[in-house]
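Take a look at these structures.
After this come two complexes, each holding subunit A, first together with subunit B and then together with subunit C.
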Partner chain A sequence: MNITKKLINNKTALICLIIITTIVILGILAPYIAPYDPNKVRIVRKYAAMSSQHWLGCDHLGRDILSRLLYGIRSTLFLSLLTMIITIVVGSLIGLISGYQRGKLDECIMRLCDIMLSFPSQVMILAIVGVLGVGIENVIIANIVVKWAWYSRMIRSSVIKYSRKNYILFSRAIGAPHSFIICRHLLPNVMSELVILATLDTGWVILNISALSFIGLGVQAPTAEWGLMLSEAKNVMTQHPKQMVFPGIAILIVVAAFNMLGDCLRDILDPKDQKHE
Partner chain B sequence: MSFNFPHLKKLFIFLMLSCFSFNCLAKDDITFANFRDIRDLNPHLYSGEMWAQNMLYESLVHYNEDGTFSPWLAESWTITNEGKTYTFKLRKDVTFSDGAKFDAHSAKLNWDAVLSNKVRHTWLEMVRLITEVKAVDDYTLEVNLSEPYYPFMIEIAVTRPMRFISPNSMIDGETKNGVKSYIGTGPYVLGDHKKDQYAVFNANPTYWGTKPLLKKVTMKVIADNQSRLMALEKGEIDLIYGKNMVDADSFERFSSMDKFQTLMSKPVSSRIVLMNTTRNQLSDVNVRQAIEHIISKKDISEGIFNNSEAPADTLMATNIPYANIGLKPYVYDTKLAETLLDKAGWLKVKGEDYRQKDGKPFEITLYYDSNTASQKTIAQYMQDEFEQVGLKLNIHGEEEQGYRDRQKAGDFDMVFDISWGTPYDPQSFLSGMKLPVYGDYMAQQGLKEKPQIDASISKALISTDEKERQDLFRYVLETLHNQAVYIPLTYERNRAIAVKSLKGIEFAPSQFDIPFEKMHF
Partner chain C sequence: MPPLLQVENIKKSFLQPNQNLFSRKKNTVINGVSFELKQGECLGIIGESGSGKSTLGKLILGLEKPDSGNIYFNGQDIAKRAWKKSAMRKDISAVFQDYNASVNPYFTAAQIIAEPIDIYEKLAKDDRKLRINALLEQVGLDSSFYNRFAHQMSGGQLQRVCIARAIACSPQFILFDEAVSSLDISVQTQILSLLADLQKQLNLTSIFITHDLTTITYLCNKVAFFYKGEIIEYIDSIDKLNQVKNPYSIQLLESVLGF
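And now, the complex of A and B:
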C-alpha cells in the first residue's frame, strides 16, 4: 500500500518504528535474554558498579538493573499498549454508534463525554485510583475511564464527516445493512485517524503509568517497572545519581519514539497532502 | 569631579569592621528539619511531637542515662508508706512563661487533669493506681498510690503525660478537650507556627534554670528523606536529627564530608516486625517460627545499615532491665524453616509458585510506613527471603497516620514496629500490650497464653519483690519469644547530621527527645 511505502521513505518514522519493534521484541524475549532474575535480591551487591557481570550495575537491593529494565518493558510498555487498545476499542465503538445513529442517543453520549472531558484528566485518574485502591489494574481502569470520551468525540466527528459522503448515502439508498456500511465504508476511513491518535497518545499513557508507579499508586514492588525503578532511584539521588539514568533514558526513548512516530504518521496520512499529489 | 578619598577609606574600614564583627558574634539560632508538623503540643495527650513537648514542658524529676533521677522542678522527694506515698518539695523560683506561678496548686491542677482522662492513659498503669494528689502547702506535693508501683518515678519523668502546662492554658481546669495555648515552664516558648511548614521556638526569657545558648530554634517540615539531605547540603538547615530521618548510605556519605559532622547514639530501641497471630496463615506457631528462621538479621545489618545497627536476637536487648534471661535466638536457617513449614502443612506443590495448604497458596502482606528511611528496603529484602522458601509476601506502604490506625485496628498480617526504648523499656512497652491502643494487643490475641501474659505484666508492675518481678517479666518475654510473635531485626540508633560548627549535640536517654538546650555554635 501507499502508506507503507511512505512510512519507509520517511526516515524518522522508520527509525522510530525500528526502535519500538526492537523494544517490543526485547520485552517478549525478556525471560530468555535477561541475564538475571529481575527480583533476585543480593544485598551484598548493592549499588554495584557497571561490570562485565552486571552491564548496568545493581540497585539498592543488589538486583541487576539490566534485567529489571528488560522485564520493565513488559510492565511499562505492554501494559500501556493494553490500556491503549482497550481505550480505543471502547472509545471508537461508542463514537461509531453515536456518530452513525445520531438523534437522542448521540445527544446523551455527547453530554456524557462533555462531563468526562470537563475534568482535568490527571485529577480524575488520581480520584479513581484513590477510590478503587492502588494497583496496576485500577490504574488501567482509571486511564480508560478518563480517555474513552476523548476518542469517542474524535471518532464521532469523523464518522459524521464520512456519513455525508455520497458513496455512503448511495449505499444506504440501496439498502445495504448497517454493519456492512460501518465495516466496509466507515471503519477504513476512520482507522487512519485512529492510528495517529493512538500512536501520539501511547507516549502519554506510558508516562502516566510510570508516573503513577513513581508515586506508588501503580505497579507494586517487587515487579520491575520503569517508573517504580525511578522512584527507588530517587531515594538515593544524591549518593548514586547513576541509578536514575537507565530507567530515565528508557522512558525517554520509548515516549519520544511513539510521539515522533505519531507526528510522522499524521504527516503521511494527512488527507490534505494526498489531494495535492 | 573627584573622589573623596578619606570618606571612601572610612567606608572601607567600616565595612571591614562590620564583616569582622559579624564573624565574631556566634550564631545563636538553628534551623532543623522534621518529617512532619509539631501538631498538638498538649502535654497531657499523645498527638504532638515529643521533642517539641520536651522543649516547652518540664517534669518534677529528671531521668538520667544511668537509671537514676536528679531534681528538676522538684528539689527533693521522699518515698514513704511502703512505697505508696511520694512527697515532692518543689522549687520556689519557677514561673510559667505567661507569668503564672508554678507551685503545688498548679501541679495538682495538672495531674488532676491527667487523672480525669483515665481512658486515654490506660497504658500508664500509674494513672490507675494514683488515689490522690494533694497540695500539702504551696511548695509540697503529695501523691498517694493504692499499691507500690516501681516505675512511678520513670513515668513522671518521661515527656508525657505528667508534665506541666500553665493553668491559664487549661479549658475549665481540664486539658482533655484541648488547651488554649502551649505555655510551660521550659527553656523555650513556642513562637510563630505555620501548620505543615515551620515552627519557631524562642528562648524563654524568664526561664528559671540555665538559659539555653541557642536563642531561636526553627523547625522546617521536610517530609522527604532526600529533600532533607539536600536542604542540609545547601545550608538551608543546620541539623537533621532522629532515628528514621536518614538512611545509612546517606549517613555514611555525609560522614566523609568536611562541612558536616555525623553522630550516632548508643542502641536505643529494637526495630521489630510484628506478626498477627489471629490471622489464618500466621496462627500456627510453626509458620511464625519458620519466618523467624528465614530472615537473616546479619544481612540486614550489613547490607542495609552498613553495620551501623547491630543485628537483634531478641525483642528486648539484653542490656534492658529484666531482659537478660538467656533466650535462644532464632538463627538464619532456611532448611529448618522449610521443615517447619512442611510440618505446618504448607507444602510445595508441583506447578505452583508458592506453598499450598488446603489448595490455597501462602500469601501475606507486610505493611510499612512510607515516610521512614529504611522500612521499605527491609520489606523488599524480606520479600525475597520469603520467595526462596516458597512463601508470598506482599508489601504495602502507607502514610504514617494510616499505618498507625491499621496497627491499632489489628488490620495487618505483619507490620513494622519499634520497642519504645529507654526509659520506657520494658515496663511501659509491655504495659502497652495489654490494651487495644497499639498493634501488639491485637497481634497477640491468637495466643492462648494472652490472658496470662497480661496478668503477669500487671502483676510485675506492682510487685515489690525484685525476684518475683524478674520471674514475671521472664515469663512474658520468654512466651513472646517462643511463640515467635515478634521478629527482632536490629537495634536502632538515633542519628544526627549537622554542620560542623554546631557543638554540644547529644542524645537524651529517651530516643524521642532532642536536647537543644545543650547545643551551641
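And now, the complex of A and C:
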C-alpha cells in the first residue's frame, strides 16, 4: 500500500515525524553533541543566564541545561518507548489469545481486565510504586500493569471484529493453520489500529513518567530527566522562572508531536479512505 | 457409491441477544435437517432471508458446531478431532456473498488465490506463479490482475478471484453462499455461466444457497425448499419443479415464475 506516500502528503504527520526522529537521533548522539557533562557540578555558574558558552543557561548546581536536556531524551523518551513496547506486546498477546480463543478463557481474561480498568490509573500506579518502592524500574512495571488491560480490550474487540470477516471464515473452512490466520490475516489488520493507539498513548506515558519523576517517585537525581528537571526548577520558580521553561517546552513538543502524529495516522490508516483513490 | 456429503438430523440454536444474566433463552435456527449429496450433484437450497440457510452453510463448512446431529464428508465425521487435521479438508471450499469482506484488503489477487495452495501444496516459486495465472485464466481474468489489490477490482472481478481461490486446490465440494446475489444482473449471468462451465470441467459437487430461484434453475439438479429452519420440500430432479406440493414452495415458485 502507499501509506508512505500518504504520510509524506500529510504535512502535519510529516512534521511530527521529523520532530520525533530528530529528537530520537539527538538522544542517541547525546554523548557526542552535548557541550558539557550533564552531571558536572560547577557551583560558580549557578543560575547562569543564556550565553554563548551555555546556550540555555545553567541550573541550581551550575550544570549545563542544554546538555541535561539532550541526555534527558535518553531517560524520558527511551524509557517511555520501552514501556510502550512492553505494554503493547503483553497487552496485544493477551488480547489476541482472548479474542481468538473465545469461550471460558476469554471470559476469565475479560473479567480480570474489568477489575484492572475499574481502578483510576494514577491511583493504581501510585499504589504499585508505593508497594514496590521508589525507582524507575518500578514506575515502568506499574505503567505496564495499569495499561495492559486497556490494550487487551482494544485488541480483543478488533480481533473479534476481523474474525467474523469472510476471508477468515474461508481460511477456517479450508482448514488453514491458526498461525497462518493470525500472522497473515489478523495481525496486519490489527496492527494499523495498534499503531494509532500506541502513538496516541506514548504522549500519555511520557507525561506519566515525567510526572512521577517530578514528584520524586521515578527517575532519581542526579540523572538528567525532563520531569525531574522541572521538579528541581520548581523550587526556584519565583526567583528564576526561566529554569522551568526549557524542560517544560521539551515535554510539550514531544507529547504534542506524538499526539498529533497519532491523529494523522488514524486518518491515514483508515481503510475506508483507501478505496477512494 | 457412498454419498460425498451426508447431513443427519442436525439442529442448531443460538442464545437470544440482550438477555439478563441468568436467563438462557434460545432461538432455534436449524431444526432437524437431513439430506445426502452424491459426487457430481448440485443442490440448491432456497429460502427467504432469516430462514437459517446461511447458518446451515456454516455448519456444513464446520465453522459452527451443531447442537445435535452429524455431518459426514466422504464418510468422516467433521466434528471429530481427526477431521480437523485431515488433509481432506482441502476438498471443501466456499464462495461467500459479500465479495468485499471475502478478501483481505492487504492481499493482491495472487496472494488471495495462493492461500489454499500455500497451505496444502508447497510449490516452487515459478510453478506457483504458473498455477495462479492458469487459475486467473480459468475464471476469465488475465495475468494483469496478478498484482491488483481488492479495491482496484470491480465486484464481478473480485468474485471471480474468490471463485479462483475456491477451486485453487481442486476441491471436491464447494459451498456457494449467495455467491451471485450482490452482483448486478449482467455480471450475474456471466458468473453463472462461468460456474456452469467449471462444474462440468471439474466434476464438482456443490451446494448453492440462495433466495433467487433463477440461479437454481440454471445450475442445480436438486432443490431443497428451506423454511424456518427445516427443509419443507426436497426435489431430486429439477424437471419435477412444477410438481411441488407444499404451499410455501408453490407460493415461492409462483412469485418468481408467475404461474
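The rule is simple: the second predicted complex is superposed on the first by the 271 of 277 C-alpha atoms of A that agree within 3 Å, B and C clash if a C-alpha of one lies under 4 Å from a C-alpha of the other, contacts with A are read in each partner's own complex, and residues count from 1 in each chain.
The definition used in the following text is that a contact is a pair of C-beta atoms (placed from the backbone, for glycine too) under 8 Å apart; a residue touches a chain by one contact, two chains touch by 3 or more.
These figures come from a predicted structure and were not determined experimentally.
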Taking subunit A as the common reference, can subunit B and subunit C both be placed on it without clashing, or not? Answer clash or fit.
fit
Does the superposition put A:46 against subunit B (first), subunit C (second), both, or neither?
first
Classify the contacts of A:188 with the two partner chains as first (subunit B alone), second (subunit C alone), both, or neither.
second
Once the structures are superposed on A, label A:180 by its partner contacts, choosing first (subunit B), second (subunit C), both or neither.
second
One more residue to check, A:31. First (subunit B), second (subunit C), both or neither?
neither
Quick one: classify A:130 as touching subunit B (first), subunit C (second), both or neither.
neither
If you stack the two complexes on chain A, which partner ends up touching A:237: first (subunit B), second (subunit C), both, or neither?
first
Angle subunit B-subunit A-subunit C between C-alpha centres, in steps of 10 degrees?
150
Taking the superposition as given, does A:172 touch the first partner, subunit B, the second, subunit C, both, or neither?
second
How many Å separate the nearest C-alpha atoms of subunit B and subunit C in the overlaid structures?
49
Just to be sure I follow: which residues of subunit A are touched by subunit B in one complex and then by subunit C in the other one?
none
Can you name the residues of subunit A that touch subunit C in the complex?
1, 165-167, 169-177, 180, 184-185, 188-189, 271, 274-275, 277
Using the touch definition from the top, list the residues of subunit B that touch subunit A in their complex.
225-226, 229-230, 233, 247, 249-250, 253, 299-300, 302-304, 370, 376-377, 379-381, 383-385, 387, 394-397
Enumerate the contact residues on subunit C facing subunit A in the complex.
58, 61-63, 84, 86, 89-90, 92-94, 96, 98, 101-106, 112, 115-116, 118-119, 149, 151, 165, 169, 171
Name, in rising order, each residue of subunit A that touches subunit B in their complex.
39-41, 43-44, 46-47, 60-62, 216, 220-222, 234-240
